[in-house]
Amino acid sequence: MQSTLKYAILSLSTIGTVSAIILYFIAQKFKVIEDPRIDDVEQVLPLANCGGCGYPGCRNFAEACVNKHDLACLYCPVGGPATMQKIAKILGLEAGEQIPMIAVVRCSGSPENRPKTTIYDSVKNCLIASSVYSGDTGCEYGCLGLGDCVASCLFDAIHINEKTSLPEVDQDKCTACNACVKACPKKIIELRKKGPKDRRVFVSCINKEKGAIARKSCKVACIACMKCQKECPFDAITVENFLAYIDFEKCKLCRKCVAVCPTSAILETNFPPKKDSELNKEPIVTQENNTNV
Amino acid sequence: MSKGLKTFPVGGVHSCDNKLSASKQIESVALPTIVSIPLSQHIGAPAMPIVKPLDKVKVGQLIAKASGFVSANIHSSVSGTVKKIDDVPDSCGYKRPAVIIDVEGDIWEENIDRTDSLLKEIIFDQKSIIEKIQAAGIVGLGGATFPTHVKLSVPKGKTCEYLLINGVECEPYLTSDHRLMLEKTEEIFVGIIIVMKALGVPKAIIGIENNKKDAIDKMSAISNNYKGISVQALKVQYPQGGEKQLAKALINREIPAPPGLPIDVGCVIQNVGTIYAIYEAVQKNKPLIERVVTITGKSIKKPSNFLARIGTPISILIQATGGLPEDTGKIISGGPMMGKAINTTDIPVSKGTSGILVLPEELSNRKNANNCILCAKCVSVCPLGLEPYLLSKLSLKSLFDKAENEQVVNCIECGCCSYNCPAKIPLLDFIRLAKTTVMKNIRNRVK
Amino acid sequence: MNNNLLKVSLSPHISGKGSVKSIMYGVIIALMPAFIAGLYFFGIGALRVTLTAVVACVLFEYVIQKYLLKVESTISDGSAIITGLLLAYNVPSNLPPNIIILGSLVAIGIAKMSFGGLGNNPFNPALVGRVFLLISFPVDMTSWPKPILTRASAIDAVTAATPLAIVKEGLAGGTPYSKLLTQIPSYWDLFIGNVGGCIGEVSALALIIGLFYMLYKKIITWHIPVSMTGSIFIFTGIMCLINPQSNADPFFHILTGGVLLGAIFMATDMVTSPMTPKGMLIFGSAIGILTVIIRVFGAYPEGVSFSILIMNAFVPLINKFCKPKRFGEIIK
């Protein structure tokens, strides 16, 4: 009994020692030397691997940060300026200036505004649906409401509103990673400047049809009446292909265009309610609720 | 006619025939008051319009020119005044440019032979035949609408041994090719001789499914008068009208996966409708301005085969069969297996419209899907030897790279898998998603 | 134009007649001859066991789906009935109800529902239940009543060993096979099912009727039943040729135990069998070989359940490697 114990301890410890020595040498031989700062940078990143920065994953972004010696062209849209400041601190560099962005859904074609003309009866996927036909309404540009954008969002920031069957962006969660923009086969979603206090003014329509046809299929379509373009004091609005577009770089959020739009295709978000005197001037009330876009 | 029924060995389904209009003669319909002729009725670049609003046009006059080799000319199907060139919805509902013409009378171009006489003698050589076909704007009328002159121009280094004629019409309900074979039998044979001459092939085989016995009998009787043309009866099996399946069934050769073409295995495949159009173009100078369209459906009062001018609104054809039934739930352009559900009857007949199928409400709803029970029925019916259950699962999980390894791009979207699935899973929907995505990925990679 | 909106969907716009329900009820019909045979040979006991198993399985499926998973109930598709029937067919006709109910719970709850219900279970639920019972209650599970026809009186259910157990013990004890033949029932009795054993497995005739029905209805293909019985036949045939005295002959192996029940109804279970004909052949023959190995060299006299379960585990692998021949692919 004693000897068995002795042999067992002896042989096991020998095996252990030999393995440890072998492992040591193998570890030495196959050692990969890597900048330890990559790990540090990766630590401060959100690690969602969303690809919003243009790199396949957070690790690749961290490598790029360390290797480029300049953070001007690098930006993590998810982490935002705070994260970039942290990275800059680790690397001893200056973080580039970035304007915070947000995804904006440019369609207001809820069932009331845009009556259905057919019933879609296949797999709920925008890409498939758009490949076979123009949509279940008269507007071939509008949202299909089948939720490719919802599926693409890694941050749970976009959802289909049951009532309007349109996607809505949760502005607290949206990181402007561009995933939904890429996912939308109709190219309805756009990244726009988040704006001061989340205030934005944009044309919520991408219908390139002539005014009369657009109006026929959707009550809140842009009919290219040019009123907004004339009204805008900052030359921020252009009308091309029967569609108005507000350049968010030029827009000063004066909201004059919102007031003149006859179909209320231009939306404003997060502005304080207008005073009574102003309300009287504005015949059409925007149908947008003020928390979400 | 050779004995025995041939077919392709792997996969396929035998769905209901429902050839309601098989015994109905091809009728012509009254001219519409207005036609809209789409500029893109073929695979390839849209044609460029060469008429302006207020121009007077005659029947058969060129109104849009092919813009490139893979493109096709478009001719006016009516006489009248060009109203405008505007966007009209196509069968998908997307707006596409079209020439809209107000019909005034029925004045034809002088050089078109409008008589019924059969012209057997072919006075043209190989080159001018292909030129005539190209000028007439002929495209594959089986539904793919691939410009025919491209198909007939055999690339260097490839040889064509067989001309295969597709008289299969494997889609349920449709009868336009069937009627054409019965009523224009001799013309089709002359057309085949023309195409054989254009290709320089000694042999042509006409494949006809066994549910069209009258057509087989009539065609094989006449085939004895023509050297090198034989008729082969085929077992009824969908999708035999697909190029790959037809080549396998008739000459037992397998067309390789895309980008493989029939010419890679030494054959060219043409639909009987196309052949008839070629006959008319070459012998009678008549461009492709009308085609046979089957209007059918169990709820339709009088299922019919119409010779309709291109650009005629579908609603007029449906009106001619006794009107759209009250309980219509779905209107399909094409057959029930591969056709496209359309969202309005205002769309015009185009070169690729082989039929319009009207389904009543109770037949237009999809059934609820159950869990996949791995019964392997989809695998056994897939004529391409793919695994639809696997592809749809991969697609559902967005594993498109794996789907590419499983050769999703080979799928011909015949719909056998969805048709045969006992759990009623819309397999093809998912496979289409994977196929579209994989094709996009491949294109991006090439760039 | 009518007021109803037109529907737009992707092709195909028509679908075939088959449904999951029709497949499942087809299998149930195919299982009926074996049930009648069981009833005929084992009397009221067979009915009691079968009813208990079916009711328990359906009930468990309903309860689990309704209260545990909170999903829509699928009991109407008939798959739980099949599980119950197959479980009952694989147990003796005098098994106490509490054991059957436990087996049903394991079959439905553990083998089927915990994986996500019909279509997602990697193992045949009925076999999991059966093997669970066999290991947990070896005595109850291996004391088979004699068929009514051979009992002294119809009332007391005398139990007897199955022919397989007799041969196994005999051969292990050194008795030559030719002498054992006198102790086991004739091939005719084995064929029609006049032997001791589980309810559904005894009558080869009834099972084969079910097989033809399913082949006619195109529910299953011939690949698995033929390859499985074929490989058993060949394997035992070779062993018998080498040493006829210590090995049972191939006909005996195929007619006894659960070979036919397994080959026709258990191994062919769509969910747990391979997708391609080639895969099915591999699957079937592997089951056959494993069965013979367990029967001849293992501790149990019967090995069909185990070998099917073992091969179930290999199905994903078989599916991965046995691809159908792609059209247009050039075979090197």
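Order of writing sets the labels: A, B and C. Residues in every chain begin at 1.
The criterion applied here is as follows: a residue touches a chain if its C-beta (ideal position, glycine included) is under 8 Å from a C-beta of that chain, and two chains touch if they have at least 3 such contacts.
Here the structure is a predicted model, which is why all the values come from computation and not from measurement.
Among all pairs of chains, B-C has the largest number of C-beta pairs in contact. Averaging C-alpha coordinates per chain and comparing to chain A, the farthest chain turns out to be C.
Note: centroid distance chain A to chain C, computed from Cα atoms, is 54 Å.
Note on chain placement: the centre of chain B and the centre of chain C lie 49 Å apart, centres being C-alpha means. Here the CA centre of chain A is 43 Å from the CA centre of chain B. Within chain C, the positions touching two or more other chains are listed as 6-10. Annotation for chain A: residues touching 2 or more other chains are 117-118, 121-123, 128, 132-133, 136.
Shared interface positions of chain B, defined as residues touching 2 or more other chains, are 340-344, 364-366, 426, 429, 432. Considering their complex, residues 117-118, 121-123, 125, 127-128, 131-136, 140, 209 of chain A touch chain B. Against chain A, the residues of chain C that register as touching in their complex are 5-10. Looking at the complex, you find that chain C touches chain B at residues 1-2, 4, 6-16, 18-20, 22-23, 74, 77, 79, 116-120, 221, 270-276, 319, 323-330. Contact residues of chain B toward chain A in the complex are 89, 92-95, 340-344, 364-366, 426, 429-430, 432-433, 436-437. Contacts from chain B toward chain C in the complex involve residues 10, 13, 15-16, 172, 244, 248, 254-257, 260, 324, 326-332, 334, 336-345, 357, 359, 361, 363-367, 370-377, 379-380, 382-387, 389-390, 407, 410, 413, 415, 418-424, 426, 428-429, 432.
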